[in-house]
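Both complexes below contain chain A, partnered by chain B and then by chain C.
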Partner chain A sequence: MAMAALRREGRRLLLSPVSYNSPVAARSAILSDELGPMGARSVSTQAVRNRMKSVKNIQKITKAMKMVAASKLRAVQVRTENSRGIWQPFTALLGDNPSVDVKKNVIVAITSDKGLCGGINSTSVKVSKALYKLTSGPEKETKYVVLGEKGKVQLVRDSKNSIEMNITELQKNPLNYTQVSVLADDILKNMEYDALRIIYNKFQSVVSFLPTVSTILSPETVEKESEAGGKLGSLDFYEIEGGDTKAEVLQNLAEFQFSCVLFNAVLENACSELGARMSAMDSSSRNAGEMLDRLTLTYNRTRQASITTELIEIISGASALTG
Partner chain B sequence: MASMAAAVPFWRAAGMTYITYSNICASLVRGCLKEPYRSEAAAREKVHFAVSKWANGKPEKSSIRSDSHAE
Partner chain C sequence: MSRQASRLVTRALSGGGHRSTASFRPFSTDLPAAPSEDTAFVEAWRKVAPNIDPPKTPLAFMKPRPPTPSSIPSKLTVNFVIPYQSEISNKEVDMVIVPATTGQMGVLPGHVATIAELKPGVLSVHEGNEVTKYFVSSGFAFVHANSVTDIVAVEAVPVDRIDPSLVQKGLADFTQKLNSATTDLEKAEAQIGVDVHSALNAALSG
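Take a look at the complex of A and B:
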């Protein structure tokens, strides 16, 4: 009973902003609860001390996680920046058409498998859902391919009938192009699409991640769009060597483009995940530190109050004897 | 070359996509390397992920693609 009341008191002290007007009232409240039915007095300090120990452990763990994420980030960041050059020729050749209007859309949402990485997975899922709404309509069909556990968990809540494939355990081995290209191959073989939209968090810097959509058109759509002119329309100016026809080349290009863009997207998302985890663990350590400070204050106050009470009792007892 | 106006290259006729074709070529090139570089390159070829297709809002059993080369 006393313990429960004390815990409530303690929590109220911890949750409220540190205000030095109320400690007197709070202290007397703790004191009155502190004297349990037997007059036992050490209950409160023990509870606070336990809490302090667990908060300190949590702080150590989150600090360690931040260090791990920082060291992994350094390596992946180099690879990500190098991989940006792999899709640039495609955009130079074929342009970027995010607003293309096609019948069959496939949304590839890239999320992480592990948690504790801040809000990046939620933003990816939010963008996916918005894109789904944008691309749905009469005679149109939109499907999801979800990479990563976290995205699946969020999307399964309200869009589970539109999920076509789900891929997990992607980061068991360090990311490499072969793995991503096998994955791209799997997706291409199993999905019918006119346009593929890949959603990922682009890594701008350690603290800023931009949700991005990359669009890849199927060869048939490219044909259709080239009639509208623009970059795709000027494809006919190119001379094709070898024995391939333009349709052949476009088919190869579309597949290769998907593989390259997916590789870059997966790397960028991994980078963003590590950066987000770093900042999440950093703010968590900071919060744990503040919590520890407040708990230390409470602990000292309680300890001093109990010492004062004992002194008062002894002195009053002694004066009662002599006087 | 002495090929007829082949409508389709041999690998596409066999059911491969361009990605599969280039992966096979890449692993052949990796196999031509000499020893210290060969094992480094082999590490870049590892594939592992778990795929599960969904039907009617329910996932079917997931299958793990874990081979060292796409085939």
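Take a look at the complex of A and C:
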């Protein structure tokens, strides 16, 4: 009761010398960034409030993006796991020769079109560049075929002349084998190659993606390596059924192998992209939440400090009058 | 006394089994015997890019195949894959008949190692008394020396899911297209359509 009277008296005292101020409510005059009554300065909470609103929006957006990526991942993961059987027969027959030494190498780097997916595109590009260095040498030439916008942007900076083909908007329609086989046909038509190396991120789990390189040899290289012995040496023991010549069958085999391995690689990369986006958006929303907590604390501290200042002024003014 | 002991042993085993599924640690006999990475590649990589981990290669993700046995095994191991799923994986069967371009080829355990190109036709898998038939569009079949057969096809459907009326209609359409085709490309496409639909027809009747 006494406090209320004191407060009313204090406010009447405050308002009278403030007549030169614009007639805004006393509260907002105190909270805005100008001289309060009695010349007391108060810190603004408006800026902090704006920041809080934008951080909260960012948190909502990143959380939504994570949910979208999670739901898409479920569908693609099933298809990826089903397609894992398709490259195994070829590796069982021809073995795996990443260290094969040939003159013309083509590096097919699979990256994503959209961003905000963590570091997977950068790892693919790093691995591609290292592989380029590995396969380059006197009388050898290495070229890039880049699938996806993000890879092109990164590779164009220093290897612009080595990029032969760039294919984007791969995932406009859901990935299927027909589309990939047309793409593989395109690549084989336009590139001369002795060995194709496909670089992609293999999907191990939602948080783990391993950069992987699959090597596919041209039919002539297969012949050469099988004569030289080693892993492909046992290829001679296989009888060839169908086709007119062994070379024709090997040609068909190489093309079929490329399209199958490319199909699996594109699916695995799509899966890894969604998984990486999920974890990137998850950490982003967590960071936004922490930032919001810190900002809320600052906001409350500022607000309470200004209320305390106001009270002190009122009370000291009132006590100056009475005491 | 022995019953108590066996109960304790089973409890210990089940407890151990439960623990091992929580933290997956393979037994040493389950690990692949063959090297899972190409050492020459890894060494060359380390020379060029020592700071980056070498990428994995498909060998690391594949279960190793059994070696060639000295005597002819009794059963054939079949893997039948299409891009969208593995229809049959590591199934032990008696015989498979694949539609190679040179005709129907029967594969029995101990068959010589072969690479066969497939044409549209019926693939039948014989296991005991049951026969499963699939219509495959085309692909490859590899028979390895260790009696493992890999069949890779672009598209495959079980024969009982084929609609006969659509087959007849398709055959009529493509025959007509073949007759009215002008360029080589159109002729080739129409010929392929006629071949596939005739094979479908044969699959339905045979």
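Convention: the second predicted complex is superposed on the first by the 277 of 323 C-alpha atoms of A that agree within 3 Å, B and C clash if a C-alpha of one lies under 4 Å from a C-alpha of the other, contacts with A are read in each partner's own complex, and residues count from 1 in each chain.
Everything that follows uses one rule, which is that a residue touches a chain if its C-beta (ideal position, glycine included) is under 8 Å from a C-beta of that chain, and two chains touch if they have at least 3 such contacts.
Keep in mind it's a predicted model, so treat the numbers as computed, not measured.
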Tell me the contact category for A:Val68 with respect to chain B and chain C: first, second, both or neither.
neither
With the two complexes superposed on chain A, say which partner A:Val55 touches: chain B (first), chain C (second), both, or neither.
neither
Return first, second, both or neither, reflecting whether A:Leu170 touches chain B, chain C, both chains, or no partner chain.
first
For A:Thr215, is the partner it touches chain B (first), chain C (second), both, or none of the two (neither)?
second
Pick one for A:Lys126: touches chain B only (first), chain C only (second), both, or neither.
second
Looking at A:Gly243 after the superposition, I want to know if it touches chain B, chain C, both of them or none. Which is it: first, second, both, neither?
both
Figure out whether A:Ala47 sits in contact with chain B (first) or chain C (second), or with both, or with neither.
neither
Chain C versus chain B, contacts on chain A by residue:
C
Is A:Asn252 in contact with chain B, with chain C, with both, or with neither (first, second, both, neither)?
both
Can you list the residues of chain A that touch chain B in one structure and chain C in the other?
177, 181, 243, 252, 256
Where on chain B does chain A make contact in their complex?
1, 3, 5-9, 17-20, 22-23, 26-27, 43-54, 56-59, 62, 64-65, 69-70
Considering the complex alone, what residue numbers of chain A touch chain C?
79, 82-93, 95-99, 126-127, 130-131, 133-134, 177, 181, 199, 202, 210-215, 234, 237-243, 249, 252-253, 256, 260, 263
Chain C residues touching chain A in their complex are 38, 40-41, 44-45, 48-49, 52-53, 55-59, 61-62, 65, 79, 81-86, 89, 100-102, 105, 112-119, 139-140, 142, 144-145, 148, 150-152, 154
Given the complex, residues on chain A that touch chain B span 160-161, 163-170, 172-174, 176-179, 181-186, 188-190, 243-245, 248, 251-252, 255-256, 259
